[in-house]
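One chain, subunit A, links the two complexes that follow: it is found with subunit B in the first and with subunit C in the second.
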Partner chain A sequence: MISYIIRRVLYAIPILIGINVITFLLFFVVNSPDDMAMSQLGQKYTTEQQIEDWKRERGYHLPLFHNPSVTGMAQLQETIFYQKSVRLFVFDFGSSDSGRDISYDISQRMWPSLAIAIPNLLVGLLVTISFALLIAFFRATYIDYWSVIICVALMSISTLFYIIGGQFVVGKLMRIVPISGYDIGLEAIKFLLLPVIIGIISGIGASTRWYRTIFLEEMNKDYVRTARSKGVSETRVMFAHVLRNAMIPILTGVVVVLPLLFMGSLLTENFFGIPGLGSYTIDAINRQDFAIVRSMVYLGSVLYIIGLLLTDISYTLVDPRIRLS
Partner chain B sequence: MPFQPVILITDALFFLLTAVLVIFVLMIRTRPHLKRPWQKVIQRSTGAVSLCVLLTYYAVALLDSMHFHPRLDTQVAAEYQYANEIVSVLDVIMTPMRTQVEKTFSAPLSAYSFSKEMIQYDDGRVEHVYPRLKYGGAHLSDPGIEKLADLGQLLLRGIALGLFGWAVIMGTFILLSTASSGQALKHQLHTMIKDKSDYPIGAVSVTLGLIAVLIASSMVVGSQYHLFGTDKVGQDVFYQAIKSIRTGVLIGALTTLVMLPVAIILGSMAGFFRGWVDDVIQYIYTTLNSIPNVLLIAASVLLIQVYMNNNADSFDSLTERADMRLLFLCLILGITSWTGLCRLLRAETFKLREMEYIQAATAFGVSKYKILARHIMPNFMHIVLITVVIDFSGLVLAEAVLSYINIGVDPATNSWGNMINQARLEMAREPVVWWSLSAAFIFMFVLVLFANLFADVVRDALDPRVSGSD
Partner chain C sequence: MAVRTLINLIFLALLLLPGCKTAQWNNPYRAQDQQLDVIYTSFQERPKELDPVKSYNAAEYEFIAQIYEPPLQYHFLKRPYELIPLAAQQLPTRTYYDQQGEILADDVDPALVAYTEYVVTIQDDIRYQPHQALAKDQHDKYVYHDLSMDDLESVHVLSDLPVQGTRQLTAHDYVYQIKRLAHPNLHSPLAGLLANYIVGFADYREQVLTAMEQTPGQWLDLTDIAMEGVLALDELRYSIRVQGVYPQFIYWLSMPFFAPIPWEADKFYSQAGMKERNLSFDWYPIGTGPYMLTENNPNLRMVLEKNPNFHGERYPSEGEAEDLAAGLLQDAGQAMPFVDKVVFSLEKESIPYWNKFMQGYYDTSGISSDSFDQSVELNSQGQFALTDEMRSKGISLSSAVATSLYYLGFNMRDPVVGGLDERAQLLRRAISIAVDYDEFISIFRNGRGVPAQGPIPPGIFGYEAGEAGHNPYIYEWRNNQLQRRSLEHAKALMTQAGYAQGIDQETGKPLILYFDTVSRGADTKALLNWMVKQFAKIDIQLVIRGTDGNRFFDKLNQGTFQIYQLGWNADYPDPENFFFLLYGPNSILVSKGQNYSNYENPEFDRLFDQMKNIENSPLRLEIIKKMNDIVRADAPWVFAFNPKSYSLSHSWYKNVKPNLMANNTMKYKRVDAQQRAQARQQWNSPIVWPLYALLLLLLLLIVPAVRGFYQRERATGL
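Presenting the complex of A and B:
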């Protein structure tokens, strides 16, 4: 087990290098720092000196890979590649283009993101699994048929509609909760309620349908038939046999996204004005702050790789038949 | 010539895609084993109905892709002059809605503006009233009394026109099917009316009728009123929503065109050659897959924005610039979405290459590339088709979200995402300006819903693993 984990971690290293190279190519080679400076400072009336200052302030004035103006190791260290990309490996994100410390911002902003993402995930799972189980219980009836159609209709509605509609009906017409904003401590609950509920509703269609398929697949298996023929009640078959076995694909599907919960949801946070990592990213995109976007791309990738690793480990934990080698 | 054709890059690709589709359909018709699953698709009423709706959207997008410079009335030195603007065939069909631009917001089917204005009468009186619209219901002398009757009359005319169009379509269809089946017309009609055909003719004709009536009546009513109102700068919202169809369909369709070759070639190579080829390809897609899609798209679009800002001179017109950005967006979406299909195809090729007929081909000395092209690729095509159909709806939805975060299509392009983005601030107005949002959501919902339903049917028909029980 431990050797397997070590091997997987080692396997992640070339992927991280790959991601690093891709982000480097995207951000520094496809468009030179000069281009970035130009688009930040404006196209016209920008002097060479202004561009040079802008680059120097942010450390973009160095050469890309090799700096001949200094000697020794510094030839490699005093470059954009080393300063901006290699340092990402040790999670040294540096400072944003507007001069703030990115690592500090991330450590501050991940909590609101988690405050939305965790209840969203847990309650959402509970709701969708119950719905799917109920539909599977009434399989091959009109209830099943229409539930699936409703699920397809629900998943055909844009997330934007759920958010805007929810904000409008609950926040503006009924005035139950504030439309947007955030507060610390328990006060935050009234701000979090609506985004969490909307998040759950917008995910219901797709996941219920997906879980229903898993349940139905499980119910057609031989062990279920055996259980029924032994005279086990239908409720017990559903909960003790089908649900337990169907939890394997469901849970492992959830484990992949666990680390990514930190990243928050771009749309929800932006609409509800929640100061999490999602809105941090969107703000950076809108301000064209390349340093933050670069850091978030890297952070997101690392979290995804961790998620994959956790998935493999969780397989062995929930399913004793799988041995990792 | 009365016009000067313009072919934008996305137009060309869209035509190419249409040609591919047509060739695909013609090819299938002659091969019974390929024809059978698709027959199953259109024998299910869900499949046939969704196909009708999707084809309607596709036709609108196609009409909107035929661009040209219209000719101006003036002549210089016996040479015709062409306008600078680029319009499409759809624009010509929808001329009244395109050109009847009001001052600002107006509610759907309203004859009055949405906001009050100071109006000075000839006798010097000044009043603060809702002014009449310049075009919407302008032919009425007293909208309060006449509007309903007028609307009813227009609607009736539209429905009649739609029914006529429907009758023409159905008539041609019946004559064609009679000719192809070789039966007597009477016999053919009997089969259709008694619903004895294998195909859901009833459902399809009702759908076609609905579509024809909707199109005709919206065109008739839309030429006199603003069907979905007008937006902030007075543009017709219905026109915008229709124009957005092209963007939505294009993003769903072109992205596929971009990603398919990459996914098919790399996926089959990884599965077939194994060894270092497999390692390299796996590495590439794992790496790309690790980067969260939204962020990769955001980063790429951001960089394209910078590139376009710095090279603004190389684009002849705004339309071309917007078109370029749309193409880039499709490319980027393609780059982020090929990995899933590639992995599926790799696994399938892995399985297929162990089959006995492949071993037989190898033993006969058939070259590796021939085996790949002849024996392996045709056998995983059902996976490709299923993935394409399933991905389509996701891409249409993604466009709206991306445009909302400002990393989607150019703000000048008509798209549902842009409409939502521009309209959502107006929700705070009192009373609410709801029509732009509703129009965008309705048109998007219909497309995505039928694409999803169609995907379900296609998957059931094409996937050999899905049994008839589900």
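Presenting the complex of A and C:
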């Protein structure tokens, strides 16, 4: 398995280089270094000299990919791409274009994102798996029928509606939790309750339907029939056999998103004023801060690759038949 | 058994809920601040820059204007806006010099003036807020000016360096900051402008570059490099020499660009390892003002607290006639600031902000489109007034027309819409009539704006209200009010221009114009459709060319556009700050200036040169009238509207008067914390019965399910 992991890590390198190149191209197709300078310096009284000074200080005066004014390897090294992207491979994010330490920002802002994402994931899993099991247990009854309708209705509603509706009903009308905001330590709990509950409710519809399908598929298999014919109780069939075997596809979906929990949620963070990494990325895009954008895209890519690797490894843990080689 | 215990606990908790009814569960603030004199407000996104050398927008000034003290400030109550001393003892003295250095009389012809020298005298009792950069040991040596990387190993925030110090403010600190404005690595947005005025400012950049090359990687003490036109005359006086006559220069002295910076702080923050730890002017300002930044967490909350070293200032005793009746002079002569703390919370969306304002958790609020109908309504006199809901909460409404202008600009170098010939003039006037901004204000801004009659917005010298100030090419003055000229008149102008029924009489082709805009997507579809309809009223086909901000400004820079829309906020309350947007030599194609329309009328330019150099006077007003007449006739812009802002304040929030030029207004504000606490208590009792209802519903659903479960468990296989 170790050789498999090493091989996967090596595969990741060209993928990450490709992602860096694509991010770089996409960003600079839309924004020239002059645009970035104007965005940082403002439009009102900015002179060309100031724009040149700004670009020179941050290395944006160099050509994008190839520098014909120098010789040898320097032709590749003395470029914006090389100067800005190579350091990312050792997770040196450097400073934002406005001069702030990106690593520090990430270290500060990942915690609020995690504070929402982790309870959202764990409680959400518990609730949706329980619902899905219940619906599967009552398959082909009115409970199953109405539950599926409710699930479809829940997944058809926009997340934004849940957020605004939740803030209106729970925060404004019932006055049970603050409408928005955040704090550190235990004070954070009252601010997290509503976004977490909304996150769980908005995810119930899609997840429950998916898990229900998985459970129903398992319940129709021969080993379940065998278990029942041997007189095993329905509870034991559901929990000891069906749930256990359904864990493989569930894990596929869950483990892959685990690392991405760091990246936060844009809508939730914006509406609840939670200072996570989702809003950090969008703010950077709006401000044309390439340093932050490329760092966040790179971080997201690395975490996604880690997620895929973890998924593969988790297969071997839940299903002894699978061997990584 | 465990399940039953859990259910019992939940029931117990729910039974206890009504007992907690008086608590405010939705209070977003810490309980210990409940009774304090605190202002609660918000910020929408992290401030881009708090260093006064770079900071240049209202969102940043909200913080630093309370911390830094430039020499001058605007009077809080008086209108028109009036400059008064802040850190200065009085307004700067001004002396004219000729080329030989001889002093000239005050009323001399501006053309003879080579230099104007301003001398600022600052107060002698001002000290800096406590700060690590000023900390000294018993040997009078700075404690933190020689920190190694090892010393900084455990330092993450400024307070990790425990010793603080202070010292008296001197004229040298103001001079130091002006030199920082010219520093090539600090990228001050004002550097380009000031290089045209302050003597030696442009050369200073080169001097600094040379010095940096000679001592690479070392801190450069700007006191060692003199700037020709800026001198500290003694500890309390400094002089600034500007080229020729530039009366508007004095307004810049009220902005944080000209606030003092002690050299010690520059040296302190320039040490290796500081920037990486975000230890900089941007994160930890050092000022002499009424407040200091004690919590800077731009991801969550920013907190200003009273500066213990503040020199003191008194609430103004004079104002406008109606200020006394409005209770704005009740605190006259009282020592400021009135509140101990200002808490800014991150609030990115307007809906949560509004709801929290209604719950009493913010003291004041603007009125967004979402909340407009809930907060104001048209009364029987056709004016906006508060709704019953607002009045029942004791909320008050204040409004002000911003010193801003939105306009629809034509490219004056375009062969169709540009040029000063009669044909193009008539076409532009016809468009100006057809694009009905009265309707725009009503539909898209809920009436929050006034139709602009010229380049100068209300509140600026040269603006004239009523008949005298109306644009006769677009409006008529009937029955004591403005009335937009008819579409028939616009169509007649089109015919005169050779575009009868939208057909170019020379080519026989329909007239198609192009509108470049950054407005794209579903949100702005209605607005763009409206714009197309306005042009269609006079048979012009308008093509919308939506683009992103970067491409839009590229087109402006290159002059490859026909029609565009922009706005301008006053930097200072002087007509020069608006007319210069139409000054020929300031054309974007000529000098990369802000005249995006590339308008160039020799007579207008001549009058501008004359107007900008003289003080406000009847003569100046006369010139401004002539300039207004010229631009109204030429119509290089469709004068769209001057936005009107409405704001709401709770009854516990005192001394509210919109001041669109001053940013340092926190010190004037006062809150009645007790009244606020009572209101919050009254408005925020939690309502818990829906929780019981929800629980009951769950039980109703669970019980049959549990029964069904057991029935299935006990059922036979077949």
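Methods note: the second predicted complex is superposed on the first by the 295 of 325 C-alpha atoms of A that agree within 3 Å, B and C clash if a C-alpha of one lies under 4 Å from a C-alpha of the other, contacts with A are read in each partner's own complex, and residues count from 1 in each chain.
The criterion applied here is as follows: a contact is a pair of C-beta atoms (placed from the backbone, for glycine too) under 8 Å apart; a residue touches a chain by one contact, two chains touch by 3 or more.
No experiment lies behind these values; they were computed from the predicted model shown.
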Superposed partners subunit B and subunit C on subunit A - clash or fit: clash
Greater subunit A contact set [subunit C / subunit B]: C
Contacts of A:Arg109 with subunit B and subunit C, given as first, second, both or neither: second
Contacts of A:Ser98 with subunit B and subunit C, given as first, second, both or neither: second
Touched partner set for A:Phe65, first subunit B, second subunit C, both or neither: neither
Contacts of A:Ser180 with subunit B and subunit C, given as first, second, both or neither: second
Which of subunit B and subunit C A:Gly18 touches, first, second, both or neither: first
Touched partner set for A:Val30, first subunit B, second subunit C, both or neither: both
First (subunit B), second (subunit C), both or neither touched by A:Phe89: neither
Which superposed partner A:Leu260 touches (first subunit B, second subunit C, both, neither): first
First (subunit B), second (subunit C), both or neither touched by A:Trp146: neither
Clash-bearing segment of subunit C relative to subunit B, given 544-552, 598-606, 670-678 or 688-696: 544-552
Shared subunit A surface residues [contacts with subunit B and with subunit C]: 30-31, 35, 38, 43, 164, 167-168, 172, 270, 288
Contacting residues of subunit B [partner subunit A, same complex]: 283, 286-292, 294-296, 298-300, 302-303, 305-307, 309-310, 312, 393, 397, 400-401, 404-407, 420, 424, 427-428, 432, 437, 441, 444-445, 448-449, 451-453, 456, 470
Touching residues (chain side subunit C, partner subunit A) in the complex: 24-28, 30, 45-46, 48-49, 56-57, 184-185, 187, 189-193, 195, 205, 275-278, 280, 282, 297, 299-300, 345-349, 351-353, 355-356, 358-359, 361, 548, 550, 553, 571, 592, 594, 684-688, 690-691, 705, 708-709, 712-713, 717
Residue ranges of subunit A touching subunit B (in the complex, touch as defined): 14-15, 18-19, 22-23, 26-27, 30-31, 35-36, 38-39, 43, 152-153, 155-161, 164, 167-168, 172, 216, 260, 263, 266-267, 270, 281-282, 285-286, 288, 290, 293-294, 296-297, 300-301, 304-305
Subunit C-touching residues of subunit A, taken from the complex the two chains share: 30-32, 35, 38, 40-50, 53-54, 57, 95, 98-101, 104-105, 108-109, 112, 134, 137-138, 141, 143, 164, 167-168, 171-184, 187, 190-191, 228-229, 233-235, 270-273, 275, 279-280, 283, 287-288
